[in-house]
Amino acid sequence: MAETMNSSLPLLILLSPLIGFFINGVIMPLVYRGFAKTPANTAGGIATFFIGLSFVMALIVFVTLKGDSSHDPSLVINCFEWFNFGGLNIPFELRIDKLSGLLVMIITGIGTLIHLYSISYMHEEECVGRYFSYLNLFCFNMLLLVMGNNLALLFFGWEGVGLCSYLLIGFWYSDTEKANAGKKAFIVNRIGDLGFLIGMFLLFRELGTLSLTGISELLHNPEVVARITPSATLICLSLFVGATGKSAQLPLYVWLPDAMSGPTPVSALIHAATMVTAGVYMIARLNPLFELSPVALSVVAHVGAITALFAGTIAIAQTDIKKVLAYSTVSQLGFMFLACGVGAYQTAVFHLMTHAFFKALLFLGSGSVIHACSGEQDMTKMGNLKKYLPHTHLTMLIGSLAISGIPFFSGFFSKDEILYSAIALPNGISYLFIIGVLTAALTALYTGRMMALTFYGTERLSHDVKHHLHESPALMTFPLYVLAFLAAAGGFLGVPHLLGDYLGHMPHFLSHWLDPVVPTKHMPLMAVKLPLHEAVVMIGSSVIAIVSYFAGVKLFSKVMFITDLIPGIAPLQKLLSNKYYVDELYDKIVVTPVRKIAEFSSGIVDKYVFDGAVNGVGRGVKWVSSGLRVIQTGDIQTYGIMMMLGILLTIFFIFKVFI
Amino acid sequence: MTNDLLVQYLAAFLFIMGTLVVILRRDTIMVLMGIELLLNAANLSLVGFSNSSHMIEGQMQVFFVITIAAAESAIGLSILVNLYRNFGSIKTEMATTLKG
Amino acid sequence: MDSTSTILSWIIFTPLIFALLALVSPSFMETRLRTLTLIQTLVSAVLGIILYLQFDGASAQMQLVQFVPWLPDWGINYRLGIDGISLPLVMLTAFISPLAILGTWPHGELKKEKFFVALIMALQAGMYGTFLATDMFLFYFFWEVVLIPMFFMIGIWGGKDRIYATVKFFLYTMVGSLLMLVAIFWLIHSSTEFFGQPTASLAQLSEMKFAFDGSSLSSVFSSPQTYLFLAFALAFVIKVPMVPFHTWLPDAHVQAPTVGSVFLAAVLLKLGTYGLMRIAIPMFPQAAYYFSTMFIILGVIGIIYGAFCALSQTDFKKLVAYSSVSHMGYIMVGLFSFQKVAIAGSLYQMINHGISAGGLFMIVGFLYERLHTRNLNEFGGLAKIVPLMAIGFMIVTLSSVALPGSNGFVGEFPILLGAFQVHPMLVLFAGTGVILGAIYALKAYQMVMLGPQTTSHDVSHLHDLDGKEITAMVVLALFVFGIGFFPKTFFGKSDATLENYGTTLIEKSGNP
Amino acid sequence: MNLLEIFPLTSLTSDELFSLFPFFVLSFGAVVALLVGTHKTKGRGFAFLASFGCLFYSMIVGAAKLFANDINLLHGTLEMNSYSRSLNLILMLISMISIVVTYGQDKKEGLLPEVYSLILFATVGMMLMVSTSHLLFMFIALEIMSLPIYVLVAMRRTSRFSSEAGMKYFILGGLSSAFLLYGGALIFGATGSFDLLTISNRVAETQPSLIYYIGLGLITVAMLFKVGAFPFHGWLPDVYQGAATNVTGFMSAGVKLTAFMAFAKISQHLVYNETVAGLHWFHSFIWFIAAASMIYGNFVAISQTGLKRMLSYSTIAHTGYLLLGLMVLRRGVEDSRALILYLFFYALANLGAFAVISVFEEKNQKDLTLDQIAGIGSKHPILSTLFTIFLLSMAGIPLTSGFIGKYGLFSTAVNAGEIPLVVIAVLTSVVSVYYYLRVIVYLFMKEPTSEMATYQRLKGPTIAALISALATLEFGLFPKAIISFVRMFAR
Amino acid sequence: MLSPVIVILASISAILAVMMLVSKNAVTSALALLGILIMTAGIYGLIGEHLVATIQLVVYAGAIMVLFVFSIMLLNLNKLEPAFGLKPMVFMGVTAVGLLIGGVLMKALYSHFTIHHANRVMGPFSQENVKSLGGNSKVLSFALFSQYYISFEVISLALLTALVGAVVLAKRKID
């Protein structure tokens, strides 16, 4: 099915950000004699140009890709041979099919917007050149991740984006906190990556190839399927460990909230729109493999659902606007995994897309807010910004409505579909559905709270903040509006049947379009009394969403915490605002032991055991030596006696033989 | 028990005695005498053997051994004199500056 | 085989010629000595390139062989040759040397510089010789010769505890190599029985089969192959160094002058793994296969243990030294996994570790030259002041944490992939080294470059890399990413040899 | 019957005369040196020239007649064949080097001009000893070798150490030579002959009586004493330390080589003689002695601070290695090649090392301590480098002839299946590496101390050291020539 | 057929040897040694080796002993301090070892003379042969100058060395 077109466009899509990276990272410093010297506009302009360029090219490719649900016109181009020895053959192959094409669009598109946004957001920072080169490098790696036609290449991008997020989170490295956050992100990701590696190794052992095309072809072959089914669970689980690392699921989500210490556009691009969804992409991509292991799938589903709820609860008690968004990201990702887990891969991808739209929007909006409040992130010090930041308010409102799943905004369709598939699908489980609904409610609630604390209610701004307060420039609001439009309208790519029929719109457009790559599971309930069920779910969820959203807005325009309403749950509040003490827990059970072991092994083992043995031998020799030299008394009689004993020895040796 | 055996016994005994003198006595002059005794014992045994098997090699060697003994004692005594000059004594236990 | 080409001899002896030049150089040359060394290393590098061009990647045989009778009575001859295994290592030596000279020369005046220079050159000669020798005796000869310059380098130009370190280094290696000598006697002796007359040619020696019976422990320890293998292996793993024989390394590294450290880390350690790959494993395959699990376990222990030790170091150089222990562990794992992929990976890892460790030591050298301390706690926030150094440091760090796209990945990925096919659990443990490696590497980077600016030194006037250092780092970076993206281009000429090596080894080892 | 028939008065053929020529020349030279040495002021110089000239001349003659036909005078009293001739050549070379070392050293140490003639006498004794296969003539030769050396050792007459050393060496030496004599007597009693060849044939015919073995044991003891093996080593460190350094060099090179060659000859004929039953005791005895010597010598050398004393202990250790070479001997001389090589290379290294030491010694000094040479490498790089070369050669590191020697010796031993002993040797030689290295460390890596030794400006020793160093390196890098030479004569 | 005279001489010299070992006075010991030498000479004479006996008397008993006594007088060492500076245990031990070795030696000699002596290689010089050839001295002298000329020549080196050595070591003036 994958006919190879000899078009180098995908390669150019991939390379153009890399070129941008080189220009900003190498050439500009040479031109301007120094790293901090590149003007913000120049650097930003270059970076934006190149990512925009690849967006355009992606658009062209994407257009050529459109086709009906029947077949998948995927481009596979082989650039050069990366590894080839000892039976391990990894060509540097790029693949653009509908799935990766969609993600490429998202990445480049949102990427471009965020680059634009960054130009004015970062303009008074120093070393903007560094910033933009990192951004470009990130785009390169992300594109490689989604375009690589080989798990090893995917891993290449996988680690590459990890590196970039490390660099970008630690962009303001002179602050130890921020630097640590970057380190934490990298290391936690590494833990996941080990799982990914092991998964790859297992897969290679079973299939002897890592090429995606190869895998999917092999998995069409029944006896291969039969052979690897037993080990499928192990493979999928270890790959999923990688996913939990990259996509911030339990138990490895801890890095994402800290990652918020990076510049806000970075959070928008990396930690909301693109990188964190890599795990979802990977699972969707390997769905034939995951299909082989119900166990793994249910694990994915459960982890997703639990994470969603867990993060949602935390989000509701946060006061830092970006932290709220971060936790909401975690929980939304949980939703996606829930979808994957129940086998609704398309729905997951759908939600991935819509989430990319509205979460990027929200982040950028919050960035604009922070920008306006001259770096203030604490919502308790905001309030009633509506009248100062009209554009920001408007766009963010749309975003919040979208995320809360208010009907006919994008989030509504995708989330609703996920919930629906959570019960409708064969391996859907009802209590996961319940969790999903709860989470949806929570989402609406904390989003409303966020909006309320930020834009409505009483004004709590400190004086000088208020003094500098200003709406962001057009360069920042423009992307907001674009994203707002997408967030509002994006959902119509996946209208459910129920409405789809009425709206005269081709229902589940996206899903059908993705079919060839990510096949639909037929929904058993769909046949009989389908409308009823769907209607129930839809109406129920939308009601819940609306109610809790407005509840959130209303309540929290007056107070800041639930405790102010229900004082009884103060401990709970404390627990939540401390994020269940997970960081402290990890510090106890992981970080401290590692440090202890390290000190032990170098301080005790190396010094006293290994080195001790070596020096001990030396000391022993010296000791023996000083003992032996005693017999050299210098008195001739001693020597004579020694000779005499020698003779005795000789005679003894002689007689040992003869007598 | 024959003369030859007796002579050999005597030689052996003298040899051991000589060894003991060399090892046990603590003044160099005695030690030198001990060495002479040793050589003499060896001579005795040589002559005894050669005589008992009707040969003359032994006796011939004895001439040379005696000469050597003379030379050796000459050198020995001069060394002894030298030692006496340096240490003011010929006790072997005096001369134990080199040790360890 | 008759002497067809002399280029190998040229490669070995060029440094020696220059060394003599340096020794007899008149006093006014004293200031030019560094240039002389640079010229020498560049000449060697050029010779290396010529060699690379002359080498025929399609054949798995020893090439460019040279044969000069030396001690024919004892079957000992001056045999040189090169194949796909030694080629990359020779190239590594040829390229690291000029970089080391460029990057790590102490700025201040060096005492007895003449001898220092001569020793550096002699050291190179020894290393080339070891890689190129195809005669057991010659190999041992060079193997020992390498010790002497290093001994003096550490002992005369080293740090505070240099004497302890250098004596330890020398003796430790000596123990192993003398036992190896006994084994060599045994080999050559049995070659006398096998071929009629004694021979020390590696090619011929490896034709001999030694009895090995792996049925029971007693039978294993009653078969000669076991002892031969263990004798050789001991000598080599001490050099590698494999835990628990590693303790000489941190001391030697910490005390050695930076050039010394670079050579030690980049090339000298590879002598050990090269020996394993060239002699210990292929000549005694069954014994090697029998003990492979043990060695892999030790390798894994080395990986993890080294990483942990590195984690708690505050002395930057010690940290890098322990990271070497950890990285060499991968090579052990790869070599003893008896998997083609892993063996190839090990060879690549040798080169890559040479590059990354060399680079790291250069960074240490830069810092030490400028601040005269190696204590990580006394650095911090330097990235603002010395951005170039920060970039270089970042690049070598990436290479050392084996990020895809850097050379490190090209080595570690195949090793782990290959070893996983036979020892999944062990590789799982080895994999934790990947995490720990990231931890200590980033820790070091952060403690030096990131965070608030250090107060224990006045770093405001700190000058960034100068031209030579930049050149060194740039070339290094080119290698890091070049190998990372296009391994085929760099290692293509080894494929035939590796393929052949793996096949024969696997069938000889009785490996199912 | 007529005595003339029994003892025919044969006259020497020209061959025989020529092969005795070196002995004549050397004895003559000794006397000349003695006479010219009496010159008031330039006595030493003249004596040096005379002895050097004679040595040189006799070496030329010896070399010229190296492969003349073998002769055997008076049933093995003198066996001149290419083997013994070459050994003589080596011995003459050694004594030439030590004469060069002595030149300059003698004035410093106040040695009388007679020292040269004494060295020549000793040389003649050595040459006779390696050329004879007649037990009692061996005794005489031994005495002719030892008597001058007793004197040489005691010759620093104003030094207590020297006279003490002389006394010790004389007494114990006399004891040991008495053992040799009595052992010879017993063997004679058992077999009725002094000629080694005859003895071994007789022994092969009829199982000898016990006194034969005891005699052999006594001779072994005497030989082990001369080579300084473990329980009989007592004299060695003291004598080496007490004697004038040039004499020490001469002893460690010449006496050792001679004694070992004699010992090798004896054991080849009387022990490693497949036809003789029940001589395993000898093998196991030597095994024990060798191991003990290696361990003792190397371990004790570690805790020495005096260079001469340290080197003398290392000599004991090397004796152990050499015994290893002795154990692999068989009847005939083929296997003695490795032994000869090792002895020769070791002699070179020792001569050189002691020469360098003598350059830095004060008059009548007890020993040169490590502290005295600390940091001398920066002051006298050339000499220190030479010394380093010698030490490395003793340690058996490649580039030096010591490595070739060790290689040959150990590989021969391994071929003979002495692997355990070789392993012991190897492990102990690691210990030896430690103390050799320590000297190098002191030379180059320590800071100079206040009592740093002063350079005595002695031409002779410096030249000698240079020559031996060159030889060491030459044979270390291109051993082909010397090995095939040894192979040629040890046919 | 053990000749009583030899037995007497042997036993005397044995006693003298013990005396020599234990006597405190050097002169006594020297005289004991002298006695032993003379006894040995006597034994030589009795078993028919007249020339050896004579030389033994002349060189040994004459020259060497004179040398010894002379140097004793010269350095007036006749009054010696306690003879053995050894702990009695060590002394006994060494003596025991010595006697043990001696015992072994004698046992070996005994077995030699009882077992192997019979089939020993015999030389031509039985007493009567020697007589017929003109006596012990004549035979020996002939042998000396035909069969042993090398040793005879070489021994001169030893004597010369002794001469030189004695001069070198003992001469007073030090330049």
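Each chain carries a letter (A, B, C, D and E) given by its place in the written order, and its residues are counted from 1.
Note that contacts are C-beta pairs under 8 Å (C-beta built on N, C-alpha and C of every residue); 3 or more make two chains touch, one makes a residue touch a chain.
Computed from a prediction, not measured in an experiment: that's the story for all the values here.
Contact with both subunit A and subunit B is made by D, E.
Here the chain at the heart of the shown protein, by mean C-alpha position, is C.
Ranked by the number of C-beta pairs in contact, the top chain pair here is B-E.
Rounded to a whole number, the gap between the C-alpha centres of subunit B and subunit E is 7 angstrom. With centres taken as mean Cα positions, subunit D sits 25 Å from subunit B.
Distance between chain centres (mean CA atoms), subunit D to subunit E: 30 Å. Each chain gets one centre point, the mean of its Cα atoms, and the points for subunit A and subunit E are 105 Å apart.
Counting only residues that touch two or more partner chains, subunit D has 140, 143, 147, 150-151, 154, 157-158, 166-168, 171, 175, 189, 192-193, 210, 214, 237-238, 304, 434.
Each of the following residues of subunit A touches two or more other chains: 629, 632, 634, 636-637, 640-641, 643-645, 647, 651. The set of subunit C residues that touch two or more partner chains is empty.
Chain pairs that touch one another are A-B, A-C, A-D, A-E, B-D, B-E, C-D, D-E. Interface residues of subunit A, counted against subunit C in their complex, comprise 35, 80-88, 152, 155-156, 159-160, 163, 166, 170, 173-176, 179-180, 183, 186-187, 190-191, 193-194, 197-198, 200-202, 204-205, 594-595, 597-599, 601-603, 605-606, 609-611, 613-614. Those residues of subunit B that touch subunit D in the shared complex are 8, 11, 15, 18-19, 22, 28, 31-32, 35, 38-39, 41-42, 45-46, 48-50, 53, 55, 57-58, 61, 64-65, 68, 71-72, 75-76, 78-80, 82-83, 85-87, 92, 95-100. On subunit C, the positions that touch subunit D within their shared complex are 69-74, 112, 115, 137, 140-142, 144-145, 147-148, 151-152, 155-156, 162-163, 166-167, 170-171, 174-175, 178-179, 181-182, 185-186, 188-189, 192. Of all residues in subunit A, those touching subunit B in their complex are 629, 632-637, 640-641, 643-644. Within the complex formed with subunit B, the subunit E residues making contact are 1-3, 6-7, 10, 13-14, 17-18, 20-21, 26, 29-30, 33, 36-37, 40, 43-44, 47-49, 51-52, 55-56, 59-60, 63-64, 67-68, 71-72, 74-75, 77, 80-81, 83-86, 91, 94-95, 98-99, 101-102, 105-106, 109-110, 113, 117, 120-126, 129, 139-140, 143-144, 147-148, 151-152, 155, 158-159, 161-163, 165-166, 168-170.
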